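Each structure below is given as C-alpha cells.
Look at the two complexes coming up: chain A is in both, with chain B in one and chain C in the other.
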Partner chain A sequence: MRTDIIRRRIAYSILLAAYAFLISPLIVVAAASLDTGSTFAARFPPLTVGLRWYLEIPGKYWQALSVSLTAAAIASVISGALGVMAALGIVRGKVPGTELLRAFFRIPLQIPLVVTGVVFLQFYYGFQTLVGLELAATLPGLIIAYVFVGTPYTVGTVAALLERLSPRLDEAAAILGCSRWQTFWLVTFPIIRPSLIAGMLYAFVVAFGDVPLSIFLSSPSYTTLPVEIFQTLQFDFNPTVLAVSTLVAVMSVISLWMIQRLVGLDMVPR
Partner chain B sequence: MARVTIEQLGKRFGGETVIDHVSLDVKEGEFVTLLGPSGCGKTTTLRIVAGFLSPDTGCVCFNGADVTRVPTQKRRLGMVFQDYALFPHLNVADNVGFALRASGTPKADIGRRVRDLLALIRLPSVGDRFPAELSGGQQQRIAIARALAHTPAVLLMDEPLGALDLKLREAMQNELHAIQRQLGITTIYVTHDQEEALSLSDRIALMRRGKIEQLGTPKEIYGRPATPFSAFFLGKINFLAGKLQNVYKNTYVVATERGIVRAPVRPDAAFTVGDEVLIAVRPEHLRIANPGARGDVSSDLVNSLKGRVLRQKFIGKVLQFEVEVTEGRTFVIDGSVDWVSEPGSAIEVTWNVAATNLYPFAIDPEIGVDEVRTPQGDPAVRASTGEGRIVPAARATA
Partner chain C sequence: MPVVASFILFALPQYFFIASSFHENLGYGRIGEAWTLANYHRLFTDRFYIGALVKTVGLSAASTIVCLIIGFPVAYMLARMGTRSKAALSGLLVAAMFVTPVVKDLGLIIILSQSGIVNQTLELLGIITGPIQWLGAEIGVLIGLVHYMLPLIVLLLATVIATVPRSLEDAAHAHGASRARVYYGVIVPIVRPGIIAAALMVFNLAMGAFTTPALLGGGRVLTFAILIQRSVILDVDYPFAASLSSVLLVTVFLLNVLAGFLMVRQAQVRRGRPKRTAPPTSLDPAVPAGATAAVGT
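Presenting the complex of A and B:
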C-alpha cells in the first residue's frame, strides 16, 4: 500500500521533471520576448514587461511565415496521398520485394538534411539549365523537397496501421457489394485516417521547422520562417525574433489541440 | 434465393492439391454443411464460392449461370466470417446497414431494415454501440444481421460459432437454424464440429483431403457411413478387423481374432469370401452381458464378443465402458448408469447383426485403423490376464 503511493509519487515527479525539461526553453524565450528594455540580447527573467516587440515584428517575418505555412501544408497533403498509396502497395500489394520497397521509403530519413539540401539545389540548377524552369527559391521547389523528407513519415504511420488491419474487412466489404473504390472510401480510408493525419502532421512539422534543407532552397527575397529566424539570430539579433518564435510556438500548440479535438490523433481505430 | 452448383472444382497451392474435383449441388433454400478435419479444404471451397479465390479447374454456378469469373461484389452473397470482420470504425447500425448504404438505398429505408434485423437477432438496442463494446456472442449476431441486410441469394458461413463457448454455441445454433428457416435462404456452412453439422444441416458434405468423402443427410451419413472415415468422423465408432469366411442367408460371416461376427449383406457393398474386412459398430448399439446369463446371445441375429472391462467413465447422459475385446483393441460402449460391471470383470459384448457395417480393410492411422492383423485361422480366445491393465486405446472418438 505505502510502496504503491511512493511509487506513484516517484513516477509523477519524473513526469513533471520531463515536462519541465521540455518546456523550459520555450518559457525562457517567451518570457524574454516580453522584456521591453534590452535590444541587443535576450534577457531572462524579464525586467520590464510589455508587448513592444510583438508590435514591432517586421513584415519580412509574416511573409516568411506565409511561405513556410503554404509550402509545409501543401507538401504534407502530397506526402499524405503518396504515403497512403505506398503503404497500400507495401502492405497489401502482392508484388515480391516489399521489404526492399519499405527500406527505400526510409532512405530520406537516413540522409542528413544538409546533404539532401545540397543535392536538391544541385538538382534544381541542373534542371534549370536543361528545361529552363527555375525551382530553387520557389514554392514548387520547396514543396518537392518537403515531400521528399515528409513522405517516409506518412508511409510509416499508415503502413503500421494497415499491417494490423484484418484483410477480412476488405473481403467483408466486397461481399456486401462494394467495388474496390468503394471499399477504400467506406472502409480502408476511415480506418487509416487518424494515422494518416498523424503522419501528415509529422511531415508538416518537419517541413515547417526545417532549416538545413530550406536554407539551400531559399534566397534573400524568398525564404521560410525558420531560415529567416536563423539568419536574424546569426547576423543581426533583434528581440522581435523572440516574439515571432513565441507566437509560432503558441500557434502550434493551439492548432495541435484543435486537430486533436476535431479528428483525433490516436492511432488505434475503434 | 438461388441454387448453387459447384462442378469439378480444383485448386492447387504451390504444387499441393487442396481441392480435388469437388462437386456439390445446393438446392434453393437448402442448408448444406461442409464438414471435415482441419486442412481438408473447407475454407478454400467456401472462398471460391465467395469469389475471393478463383479455381484452377471447374466452375461455380448460381441458378445455372456461371459466376466463376464474376467479382465477389456482383454475386449477391452474404457471409459470416469466423472472426466476424465487423467494421471497427462503424457502430452496429452502420455495420448492419453497410450493404444498403453501399448500394445507395435511401436513409429511411436503411433505418427501417436495420431495426427489423436487430429485432430478428434479438439485439434491438445496441445500434449505437461499436463492435468493440459487444460480447463475442453479440458480435456474432451482428455479423449475421449484417450478412442478411441486403437479402443475399446465398449465405456463406465459415465456422461462425467457433469462437463461442459451449452454452452460447448451442443457443446460437438454435437461433441460426430458426433464422435460416424463417428466411429460407440457401446456406453453405463450414464447420469441423460434427454435432453442429448434424443438428443444423439439411445435407452434409463430409470432406477429407480436398475431396468429398460422402454427401448425404445427417441421418444417412450417421446411420450408413459410406467409408470408415465417415463412420469415424460423424459420431463414435468401434472398429475390428476380420476376414470374410462365408456368406450365409444374406449374412456375411466374418472371422475375427475373438470369434465370429455377422453382418448383413447390403446392396451397396459386396464382398467375396476371403476379403479382409473392417467391422464397424457404434457405441450406442453395444450391450454388455454377463457370460453366465445367456439369453438370445447365441441367436443368428446377435453378435457377441468376449471381453474384459477396462474402465468405466461417467460422461453425463451415459456411462461409457471401455472393453478390451482383443489385445490392444478396445470397444467403447454407451451403457446405462444402472449397469454394474466392475473394471477387470470378464463380460460379453453383444449387438444386433443389423447394426453392423462392413468395409474393405485398409490401414488408416488417422482413424485408428493401424495395427497389422494377426494371421487368420486361429480365432481362438486368448487368455485373459485378469489384471486391470489399461491398453492404449486405439479407438475412434471423434
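Presenting the complex of A and C:
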C-alpha cells in the first residue's frame, strides 16, 4: 500500500507541474505589469507595485483593441449564420456527397494560417486591380478572412449536435401545424443554440487572438491588438505591453467564464 | 447555390496562389506570364531551405512527443477524476488555450530570459554556472510549442481515455496485472487510434505555427511558416512564398498519409495474430473539426 501512496504523490506532482507550466506565463506577465520601475525589460518578481503602466497605455493599443473586437465579433456572427446553414445542409440535406461537403468545410483548418494570410493578401491585391476596391488592411478584409477560418468551428459544433437530434421533432412540429420557418425558430434553433454559441466562441477566439493571418491583412496604421503586441515584442519592448497583455488575458478568461455560466458550455471542444 | 458560391470563395484564391508558384517573380509583387519550375528548383537545391524543412518537421515531431509524454498522464488523471474537479481543471485548460499566443509567449520570454527565473533557479541550485540561452534557440521554440499545444492534447486524450471503462482496468488488476501492465497492456492499445489522431492534429498545428517560433526563436530559428512570412513581407516574392507554402502543405499531407498507412498496417498485423484481440478501432474519438486548436497559432 505504501507504493500506492508514493505513486499517487508522483501522479499529483506531474499534474501540478503541468498546470504550473501552463499557467505561469500568464501570472508572470500580470505580476511584471505591476512593476513600476522597469523601463527596458520586464522584471519578475516585481520590486515595486503600482498601476503606472496601465495608466500609460498608448492610444495605439486601444485603437487596435477596438479593431480586434469589432472584426472578431462581426466575423463570429457571420460564421454562426453560415455555420447553421451549412450544418443544416450537411445533416438534413438530401444532396449526395455530404461527407465530401463536410471534409470541404474542414479545409481551412488544415491550412496553416500563415498560408491563408498570404493567400488572402494576394487575393485582395488582385481584387483591387480588378474591381478597384481595397480590402487589405480594412475592416471588411479582416472580417472576410476571419469568417473563412471561423466557419469550420461553427459548422463542426452545430453539425455534431444536429446529428444526434431526432428528425421526429421536426415531424411533430409539422403535424402540430408549424411552417418550416416556424419549426426552425421554435424547435431547431433553441436546441442548437448552446452548440452554436460554443462554435461562435471558438470562431471569436481564433480571430481575436490571431497573428499569422492578421499580420498580412493589417498596416501600421490599421492593425489588430495581437499584431500590435507581436510587433512591440519583436522590435521595441515597452512595459505598457505587459499591462495590455494582462488586460487581454483577464478579458479572455472572464468572457469564457461568463459564457460558460450562461450556456453551460461543454468544456471539451467538440 | 450557396455551396457553389462558397466553393468559389474558398477555392479560387487558393488555386491562384498555388498557381503563382509556377511563375517567375518580377519584383514589386508582379508575376511573370510564363510557366516555370524555377521556384521549386531554387527551393530544393538550396540547402538552407531543405534544412529549414527538416528543422520544422523535427521541431514539430519533438514537441508532439514531449506533449504526449506530459499530456498522457495528465489526461489520464483528468479522465479518472470526480466530475467537479474535472470540470474545474479542464476549464483551466480551456482558459489557457483561449488566451492569445502572443500573451503566453510574452510570459515565456520573461521566464526564459537571461536573468529570468528559470536561469536564476538553476544557478541557485548550482546546476549551471552561467545562464542558458533558451531564447533564440531551438530549445526555446520547443518549450513554446509544447506550451502552446499541451492544453489541446490533454483535452483530446482525456475524451478518449474517458471512453475506456474503468471496469477493464479493475479486471486486469484483479488478474494480477501490475500498474504498468494495465497502462501499456490495456489502456494504450485501446486508445491507440485516439492517441495517434490527437498526435497528428497537434503535429499539424506545430508545422504551421508562426507566432511562437517567431517570438521565442528571436529570428534565429527559421521554420517554414516564418520563411513564408519573410518572403512576402521582406522580399515581396509571392511566387516563392507560394512554392514554400505548397511544399509545406504537401509535406504535412504526406506525413499524415504515411501515419494513416502505418496505422492500418499495424491494425492488420494485430488482427492476423489470433491470440490477441484486435484493438477496437471504432473507439476513434472522432476527433471533431472544431477541436483543431481553438487558438490559431
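Just so we're on the same page, the second predicted complex is superposed on the first by the 244 of 270 C-alpha atoms of A that agree within 3 Å, B and C clash if a C-alpha of one lies under 4 Å from a C-alpha of the other, contacts with A are read in each partner's own complex, and residues count from 1 in each chain.
Criterion: contacts are C-beta pairs under 8 Å (C-beta built on N, C-alpha and C of every residue); 3 or more make two chains touch, one makes a residue touch a chain.
Computed from a predicted model, the values in this text were never measured in an experiment.
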Side-by-side fit of chain B and chain C on chain A, or clash: fit
Touching partner for A:230 - first (chain B), second (chain C), both, neither: second
Inter-centroid angle chain B-chain A-chain C after superposition on A [Cα, multiple of 10°]: 90
Partner chain in contact with A:88 - chain B first, chain C second, else both or neither: neither
Which superposed partner A:187 touches (first chain B, second chain C, both, neither): first
Contacts of A:179 with chain B and chain C, given as first, second, both or neither: first
Touched partner set for A:77, first chain B, second chain C, both or neither: neither
Touched partner set for A:171, first chain B, second chain C, both or neither: first
Which partner reaches more residues of chain A (counting touched residues only), chain B or chain C: C
Distance in angstrom between the closest Cα atoms of chain C and chain B, superposition on A: 20
Footprint overlap on chain A, where chain B in one structure and chain C in the other make contact: 269-270
Residue ranges of chain A touching chain C (in the complex, touch as defined): 7, 11-12, 14-15, 18-19, 21-29, 32, 41-42, 44, 82, 85-86, 89, 95, 101-102, 104-115, 117-123, 125-126, 148-149, 152-153, 155-157, 160, 198-199, 202, 205-206, 208-213, 215-216, 226, 229-230, 233-234, 241-242, 245, 248-249, 252-253, 256-257, 260, 267-270
Contact footprint of chain A on chain C as seen in their complex: 2-3, 6-7, 9-10, 13-14, 16-17, 20, 29, 70-71, 73-74, 77, 87, 89-96, 98-111, 113, 116-117, 147, 150-152, 154-155, 158-159, 179, 204, 207-211, 214-215, 219, 225, 228-229, 232-233, 238, 241-242, 245, 248-249, 252, 288-292, 294-297
Touch list for chain B against partner chain A, complex: 50-52, 71-73, 77-79, 81, 83, 85-90, 98-99, 101-103, 130, 132, 146-147, 149-150, 156
In the complex, chain A residues that touch chain B: 166, 168-169, 171-179, 182, 186-187, 190-191, 269-270
